[in-house]
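In the two assemblies presented below, chain A is common to both, partnered first by chain B and then by chain C.
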Partner chain A sequence: MANVSPAVPDTHPPVKPRGWYRRNEIALTPWLFLLPGVLFFAVYVIVPIFQSFYISLWEWNGLGDLHETGEYVGLANYERLLGGDRKFEVSFWNNIRWLVLYLLAIPAGLFIALFLNQTVTGIRLYKSLFFFPFVLSQVVVGLVFSWFYLPREGLLNAILGVFGAGGLNILGDPDLATYGIIAAGLWPQTAYCMILYLTGLNAVDPEQVEAARLDGAKGWRMLWYVILPQLKPATFIAFVVTIIGALRSFDLISVMTNGGPFGSTRVLSFYMFEEALSEFGFRMGYGSAIAVVLFLLMLIFITYFLWSMWREEKAARR
Partner chain B sequence: MFPTPIQKRSAAAQATYKSLLPVALILWLLPLIAVMVFSIRPDADFTQGNYWGLPSSFDLIPNYSQVFFNSDMPRYLWNSVLITLPTVAGAVALSAMTGFALGVYRFKGNLLIFFMFIAGNFVPFQILMVPVRDLTVDVGLYDTKTGLILFHIAFQTGFCTLFMRNFIRALPYPLIEAARVEGVAEWRIFLYVVLPLMKPALAALSVLIFTFIWNDYFWAVVLTQGPDAQPVTAGITAFNSQFRAAYHLMSAGSIVAALPPVLIFFLMQKHFIAGLTLGAVK
Partner chain C sequence: MRSITLALAASTALLSFGTGAALADAHSSLEGTLRISSDMSNPAPRAVMEGLAAEFDEMHPNLDVELTIVDREAWKTQIRNALSANPPDVVNWYAANRMRPYVDAGLFMDISDLWAEPEFEAMASTRGAMTIDGAQYGVPYTYYQWGVYYREDIFDELGLTEPTTWEEEKANCQAILDSGRKCYTIGTKFLWTAGGWFDYINARTHGYDFHMELARGEVPWTDDRVRQTFANWRELIDMGAYIDDHQNYSWQEALPFMLNGEATSYLMGNFAVAAMRDGGLTDDQLDFYQFVKINPDVDYAEDAPTDTFHIASGAQNVDAAKEFLRFVTSPDVQTRINAGDALGQLPVNANSSVDDDEFLQQGFEMLSSNAQGGIMQFFDRDLDAEMASIAMEGLQEFMVFPDNLDDILARLEDARQRIYE
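For the complex of A and B:
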């Protein structure tokens, strides 16, 4: 690539001797273009990951310099964390609940996408209004749902009341609160998966569908054997964003229950924040240890995502 | 097309479908509709326990003017604007360059750098929190908009690079080669050949990043504190403690806070969805 000789005879006047930069232009340019972006990204994203690992080996209140005000404790933070910290256990299992239940957004999104994939008047407006919860910030979604759940003023209990049930205080009940928050999170997430599938459905090959129809495929069998394989890229992205979203859950918990009642809705991301910036003094080392555990949990998925994308890149490179 | 177009089904099925659509939509948006109804109720309705009956009066204007003239809300909104717009500009500019470098040139480490951007984009915020907060305090940018903007630009560059690089990859490469044969300098190729072709990507990313940053809450609480620098997502908590239990005002407040990205979405829907569904179709 570096020395492309023109295919046509060079009719330009003889080139003046060129400077060092001009001669190496093609090799240098990408690095010059990368420099600002890579620098920013390294300082704010890549390096901090390693710093967090390092800080997690210390006990430190975050004031002043780590090496002066902190105390090196080795793996003590992890020993405490894994050796029976109740809050950590609750948070960890809640994370697993989030992961599993959040995945419901994928089939739910597919279902709505199939429902809306028609051409009737006004369908475009319907599609955007169904998608619309995704545009709201998680803080607003959290507020909207916590008011929806209110035992006295909330619409949910008003509706349940019509059927003779009601009086449910979802966010006040330690057994229900996490599920209530996950349901709130599923609302925008389902909308996101829906739009991915709508786009995917748009690109489904009509000839294949017709051919399958002639072969007598219908309904579920058609969906499973003909449509879903073609939706694979959409499913992959839906899976990535849903897993990441589940493990990033913080805003909703912070807004809806602030970890309560009795700490039953904590997840690792929230617990970490609480420890690191708690009102009883900052515990940066312990917080970082929690963050590292969360990071390792996420790394399982990140590795899988990157591996899939890497394979595709290699395939695309001919 | 799948499922079978409804036009090919019986008239009864068509009628059912068309009447089901609005019902489904109302059910889907029910929590939001509830908040909208709350936001136009007068205070008296709440004290009398009239939560779901007809509002005793239509108080849209008094409630919303409270939000705008009797609270810090406008300040928070303005902060959000001042944080979001520079971030959009910065992240899009940086990633247009990185995307160009990774999409056009072949060099050792290309794919590695590209995957570093993708990987960084997936990490949990918490693993960055302590060091980033520390760095921001050290350089004296804690509780400033600049501190927040710098971090956001850096973090969003990851996602934006993924987007830009894939977009540039899909551009016709001979165009760039032709320019090279003509002896056009590489930076001019970027500016005059590639950049004009990237307009759809620039628009899509701008809309997306606007929404992401406007809606950010975590970094707003980690890196800022008071009404001087906090964006509206964090400010809404302060707003809600000012009007504790005044559901009509809190509802109005959160609707106002949510409005800008909603407007952007409806105005630039095509770009927004194009950005979000990148890669959903091969």
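For the complex of A and C:
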């Protein structure tokens, strides 16, 4: 046997120098997918936030170029806004009313969901009937409710009349109008919360319920200590969408009262629209200042949402 | 087919009348595209506008007329965007102070040269309303009278006649109230209807000049004369003259009260007549009178809002745009577009003829011979836009809670000082 070293075939494939993209593919690809979204979010959301800040320092009627036709006034718009502008105060407190009362949709949705979460013939039909108002456009909801509230022909006064009360003109009364609109808004919002809870209830662990039952829990204690903790994700989402819904109340107000009577149903978004963009509104700077205040109000909730989502994720990774 | 014949007839007519020479030249020279943005979106006005565009297109073979019709309410907010970037050549808007923001921002073209042409002598009555700081910025194509439209049959039933003085007005109203009806229907949800009442009571109490001083911000809202106006108005409110819950209704939603006889009168613009006829009132049941005198020493001043055409400063085809403005202001065209089967309003050109409609005739008569005080454009067109919106909200509040007057006036005065500083 000749001492010949066998010709070992080179099993290594020829090493092609890998491109920069290939080397970083794993890190880069998610960003590539995110890029269009990030770009649009930046252009249509982030940049306008800063533009609003900037415009709010000017007095400008929105016609022509800001630097030519506008006048720099510093913080004067904010001084006027916070220094006793009654329209602003009314709008601000209405916003708070919306935020607080709109949350009623969460317990209401929960109880309807609990009520519907049983096996009866035709339950699917009942569920869809309850969900129906959420499918309607807000404009339709507003119209239906403004007819419902009509002072003479409205159904509400007909019902009240049966009980001997009546003559209530909800949308024409500056003290009641906002509550009337919130009630109209609660109708679809409750349906929304209900559907969130119905899906949440599907995920409730029957074994835990069984175990609790063996331990003698029922009724309120069962709900509070066993069911609700398991519904926490659903509650969180319901809270988020309800807060967002409350801050987006513009369309209902516009349809039902147009901000009236005498401006008593304005909220900040409506006031901003009126000042800056409506038929008689030529105060871009002032409108922007309102937008900034509204943004700061929203920021409280945005921060809370982001913070709790971050906490959840951290807990999940552990 | 009809529109083509009409167009031919019109162009022939125009050629044979005074403007002939100018038009004949233009006939050949106008070319390119003329872009028009119009807010004449209701069915009848829309047909008129489309007819105008088609006709003008026909008259100028080398010119292409591009018409965009925008919803009338939407246009009020869209116009500023439309004028800012790549504007159309010709747009619709309103006279007086309503055009000031666009004039100040340089978005409407100064067309004083057009107004200097001899044909525009016939438009003299509205020259003032189209003038800002000595220059003219648009041309009117139509206007309409305001006044009290009332149920003639109910007046006859109660033995009432058209009032001419404030005392008669109130006595009539008391008789109507005693018969279980309301005197006036009104829907103040969109506020401007209350502006009409204020205009009339204010102008009848203190006259046209005071109206304009107030509109220009020269008079404090807390002035005693303003309070006098409100005091007069309050007499009607305290009588219970207006329908209940009017803050819930638009002006259309307030119509049924008059149609079914729960209320007898409506202070409105002439455009309401069409709606009343559609609602089933015959001309025997419906009539019109001029708003009564309150202070006998004050001349009648009337609300007669004017709708207008303007040229955008950024217009590409200025020659064609100007020619179009000459076209819509010519006597023949104004007669036709304002006829009862078209807009059903009044032509501005003095050489035009008014349609044979009962209300148009009365309105024309009133405005041409019985409005010595002057012609007001309307509360929200004479006042600064922002002042008007704040004030009209106050007027609505006053109509519901007259006791809040001091608070309302203080608020308006506050706004006046800031806006007209």
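Basically, the second predicted complex is superposed on the first by the 280 of 318 C-alpha atoms of A that agree within 3 Å, B and C clash if a C-alpha of one lies under 4 Å from a C-alpha of the other, contacts with A are read in each partner's own complex, and residues count from 1 in each chain.
The criterion applied here is as follows: a residue touches a chain if its C-beta (ideal position, glycine included) is under 8 Å from a C-beta of that chain, and two chains touch if they have at least 3 such contacts.
All values reported here derive from a predicted model rather than from experimental measurement.
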{"item": "First, second, both or neither for A:117, with chain B first and chain C second", "value": "first"}
{"item": "Which of chain B and chain C A:277 touches, first, second, both or neither", "value": "both"}
{"item": "First, second, both or neither for A:107, with chain B first and chain C second", "value": "neither"}
{"item": "Partner chain in contact with A:151 - chain B first, chain C second, else both or neither", "value": "second"}
{"item": "Which superposed partner A:229 touches (first chain B, second chain C, both, neither)", "value": "neither"}
{"item": "Touched partner set for A:305, first chain B, second chain C, both or neither", "value": "first"}
{"item": "Chain B versus chain C as contact partner of A:62, first or second or both or neither", "value": "both"}
{"item": "Chain A: partner with more touched residues, chain B or chain C", "value": "B"}
{"item": "Chain A residues contacted in one complex by chain B, in the other by chain C", "value": "62, 152, 277"}
{"item": "Partner chain C, residues of chain A touching it in the complex", "value": "61-64, 69, 86, 150-152, 169, 171-172, 257-258, 260-263, 274, 277-283"}
{"item": "Residue ranges of chain A touching chain B (in the complex, touch as defined)", "value": "1, 4, 6, 12, 25-27, 29-31, 33-34, 36-38, 40-41, 43-49, 51-52, 55, 62, 114-115, 117-120, 122-123, 126, 128-133, 135-140, 143-145, 147-148, 152-155, 158, 187, 192, 195-196, 199-204, 206, 209, 222-223, 226-227, 233-234, 237, 240, 244, 247-248, 250-251, 254-255, 268-269, 272-273, 276-277, 284, 287-288, 290-292, 294-295, 298, 301-302, 305-306, 309-310, 313"}
{"item": "Chain C - residues contacting chain A, complex", "value": "76-77, 80, 83-84, 101-102, 104-107, 189-191, 244-245, 247-248, 380, 385-386, 388-389, 393-394, 396-397, 400, 411"}
{"item": "Chain B residues touching chain A - in the complex, by the definition given at the top", "value": "1-3, 5-7, 17-18, 21, 24-25, 28-32, 34-35, 38, 46, 49, 51-52, 94-95, 97-98, 100-102, 104-107, 110-111, 113, 115-120, 122-135, 150-151, 153-155, 157-158, 161, 177, 180-181, 183, 185-187, 190, 211, 214-218, 221-222, 233, 236-237, 240, 247, 250-251, 254, 257-258, 261-262, 265-266, 269, 273, 276-277, 279-282"}
